[in-house]
Amino acid sequence: MDNQALSPVEIRDMLIAVSDKIIESEALLSEADRKLGDGDHGLGMQRGFTAAKSQLEALEPKTAGDVLTTIGMALMASMGGASGAVMGMLFQSGGMALANAASLDASGLSQFLDAAREGVCNLGGAKPGDKTMVDALAGAQESGQAAIDGSTSEAFAAVAAGATDGMEKTKAMIATMGRAKTLGEKSIGHPDPGAVSVSIIFQTMSDYVNQR
Amino acid sequence: MDNQALSPVEIRDMLIAVSDKIIESEALLSEADRKLGDGDHGLGMQRGFTAAKSQLEALEPKTAGDVLTTIGMALMASMGGASGAVMGMLFQSGGMALANAASLDASGLSQFLDAAREGVCNLGGAKPGDKTMVDALAGAQESGQAAIDGSTSEAFAAVAAGATDGMEKTKAMIATMGRAKTLGEKSIGHPDPGAVSVSIIFQTMSDYVNQR
Amino acid sequence: MKKILNDPNQAAPELVDGLVDYYNGAVDKVGPGAIALADIADDKVALLVGGGTGHEPIYHGLIGPGMADGAACGDIFAAPPPNVILDATRAVNKGNGVLYLYGNYAGDVMNFKIAAQLAAAEGIKVETVLIWDDVASAPPSEKENRRGIAGLIPIVKLAGAAADSAKDLDELVSLVTNARDNTRSVGVALAPGSIPATGKPTFELDDDSIGVGMGIHGEQGVGIEKMMTADALAEKLVDLILADDLPIGSGDEVLVLINSLGSTTMMECLIVLKKVKAILVDKGIGIYDIMLGPLVTCQEMAGLSISFTKLDDTLKTLWDKPCSSLGYTKLGK
Amino acid sequence: MKKILNDPNQAAPELVDGLVDYYNGAVDKVGPGAIALADIADDKVALLVGGGTGHEPIYHGLIGPGMADGAACGDIFAAPPPNVILDATRAVNKGNGVLYLYGNYAGDVMNFKIAAQLAAAEGIKVETVLIWDDVASAPPSEKENRRGIAGLIPIVKLAGAAADSAKDLDELVSLVTNARDNTRSVGVALAPGSIPATGKPTFELDDDSIGVGMGIHGEQGVGIEKMMTADALAEKLVDLILADDLPIGSGDEVLVLINSLGSTTMMECLIVLKKVKAILVDKGIGIYDIMLGPLVTCQEMAGLSISFTKLDDTLKTLWDKPCSSLGYTKLGK
């Protein structure tokens, strides 16, 4: 296991890998949204991460925060929809917490997630249990706190597992927020599409960190 | 073979039989119009002959003309569309020629058809060969003239054959009138729906006359 | 095909009742299928439109101030019978005569012709202008064989304004003839509508085909082509109109109508408009005003048509007048 | 699903360009997705609407005199991003502040909230009224969880008139809140629309089923029922509205809106109107005015919604003002 913190350039490359993964997951994410919402979640994510990728590719980042707020702004400005706001806010609030961080390690990841969760929950008012991406984000954030003293790669793996776990839990939940709330009990059995995205994002990060 | 002229009551009953036959042919006639027009010919005919039937049932006719103009007026007032005008006019102009006729025989049938053809052609401007109901009507009219000296039932049989023959000929024609005209060569192969109606009308009359 | 109906065979009379309800007192039902404005000025030359129903908002949704005075409504896709037209004629006639304005279809022509004879027998002056804007339906040399499609919308609006100002029926005829002669349209079908009473589609079209030059009653297109982009389609349709006998060129000004046949979205109409405008700008043709939306429909048919009306000063003055109706409303300029 | 598009992923920006073209000089594009009236009076309190595209004519087709001053347009079915809203906010602000008026959806609320913070940071006064007229989406005790559907049409029209007369932003907020609080809607889905970029239907529904309480983004209905007649459906929907917490009874007067979700024909809307009117007349409820047609759509979705706005004298005065826009135009009374 590799305990080296990620440099800003590595963070950038990691997020380019995340962008590619999200772009290729369009159909899967839209299909998840067809079950619970209006069927466009993958399209919004694809739009956002295509814009993000091209900005990341042009970026010569100085700090961890540089990269993370760049992707946050790119998502926020290009996506629209519920996910544009929450995904944008996730990276923007999280990134602001690392504005001056020269690199990203287990502790930085946890700081990022704490701020990201706070930013998203403040913006949208969702709590864990509401069947939104907050469930996956909260899972990631709690695992990140628990992994704070371990290696960078262990922390990323734990966060990915926490996000996926949070996403899995949304399957059993009744939606109370967003477009799926009018479905009531019919929403049971399907994972929240935004939570699926969050799980893919952190899993791809972990894959990058553990394969470098 | 029966050479007795039809009494006004028989004409009425014959036209009630025609009405029933047309009403039951709705799907066939609409389907024919889907090939060449807007698919509603059977609906219009059904509407018209339903109205006609209920007026005929209430009618105590004195002359042949009474019955024929009654059905003409009923069709004209209830159908609308191209066929409402032409079918209405067929019976109305034809019936006026028999305004004072106490009964209907081969010669009366021919007079009816002469006036009917003239009325319809004056109204709509169609000539034989234009792929309209005029082809069937002209076939009927010409056969009626040829049968003028025969028995009533022979005349009705000849007229039915002439109408059917005229209808069959429309299959090979290119439409130049009405909604099918924009189809050009694509109209070849399908009979004109109004001609199919005219053929059914005279065939049913002949069946009535020959089976009484 | 699911439709929100009571008795499919009563769709036409029920929709006419609903229409009278929509007008909320401004329109009277003056016979089955016959409707007229409740308030028509005493010395007005009257404008009567009509045709089959099922193409809402036309024709019956075009009644109102600055638009038509009355409408004769037939069954679904069927011209109104003569007695319906006569009822409407009597109601709108204020002694100065009535202009019949409707689409050039055999059924309409025959039924209105009979009605005109009946009206004349009652001493009502009637004149007729036929709408034949569809360039795809016959060559320019055979205008009287052309169908009326969405161009009837600007023509009825211009006629409505003309009827408010015309001193007599003859003047109205000449104003409306001018509007008609300066209007050209062509359309494309993507998917059929369905007939309410049978639930059957009005024609068949492959998944990747479109019918260029379709009719508004579900008549198949004149030319079946492969599906193409919005830009290519806009170019094709505009070319068909500009290649017709009405000269429209640099310095001229036109009204543009992008009409949805029913289920084609406003999004698609707007995307087509974008290209149409670019083509016209490129040719130096001015756009005086634009109409866009489902104005002449064929049930839930998919497709659209483009219409141009070339405006001279008289037509501009008529266009600038306010009007109000279910189908088209416009503030004065 | 055949649609007339160029690049399905560029449908939203292209339709916004087409919309600016439609307005033919009256509307400026002030940023990607951001449009505003070219001419806004200097001391006017501004009205900004917005939301996802794909629901034409809303929201961007509601700009015009007596209607909204600007609109922020997102992608298809997606709320506009904050920067688009901010561009539109800057363009419509004349120093007297801006009212944000839009449908209550998580995405819209979050993006407009961020935009409002950015605008405040620039010294622009912003207030918000959320539209939550859909009675099927949450019980009356949880209004803030209700969706905005077709009721936004009368609300935006009333708000447009209010913005012309309001002396300040606070007065506008209270006038518009009153319009919002007196508006209730409920809809039914018959068949899904499709997402332009994927061509996929937004939901599935059996051939003989309808979704009562559907959403305008293709959200499935709250209750799936068997297909029924127009009359039965009208009764069911009216009952759902009248059973809500807004008392509407004998002697009251309402605006009625029968909205098509897209491919549902005007014929069907008129037949439903007929029954709605009969029910209201029976209960002694007056109909002040009627709107009818595809005003809030979801692509070629089939279905319709009914909205009532209960009018007091203030709202009547606002309603009677003229307005003009792609989506809704009305002569003054």
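Here the chain labels run A, B, C and D in written order, and each chain numbers its own residues starting at 1.
One rule holds for everything that comes next: a contact is a pair of C-beta atoms (placed from the backbone, for glycine too) under 8 Å apart; a residue touches a chain by one contact, two chains touch by 3 or more.
Keep in mind that this is a model prediction, so the values were computed, not measured.
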- prompt: Which chains does chain B share as contact partners with chain D?
  reply: C
Query: Going by the contact rule set out at the top, which chains touch both chain A and chain C?
result: D
- prompt: Can you give the whole-Å distance between the Cα centres of chain A and chain B?
  reply: 75
Centre-of-Cα separation between chain D and chain C, whole angstrom: 28
- prompt: Per the centroid of Cα atoms for each chain, what is the distance between chain A and chain D, given in Å?
  reply: 32
Message: Where in chain B do residues touch two or more of the other chains?
response: none
Field: Where chain D touches two or more other chains, by residue
entry: none
Task: If you connect every pair of chains that touch, what shape comes out? Choose line, ring, star, complete or other.
output: line
- prompt: Each pair of chains that touch: what are they?
  reply: A-D, B-C, C-D
Query: Given the complex with chain B, which residues does chain C contribute to the contact?
result: 9, 52, 74-84, 105-107, 109-111, 113-114, 136-138, 145, 147, 195, 197-198, 200, 202-203, 213, 215, 217-220, 222
Query: In the complex formed with chain D, which residues of chain C make contact?
result: 2-6, 11, 14-15, 17-19, 21-22, 24, 53-54, 56-57, 61, 65, 190-191, 196, 207-208, 210, 227, 229-231, 233, 262-274, 277, 287, 289-290, 292-294, 297, 299-300, 302, 304, 322, 324, 326, 329-331
- line: So, in the complex, the side of chain B touching chain C is made of residues 27, 30, 34, 37-40, 43-44, 47, 76-86, 88-89, 123-124, 177-184, 186
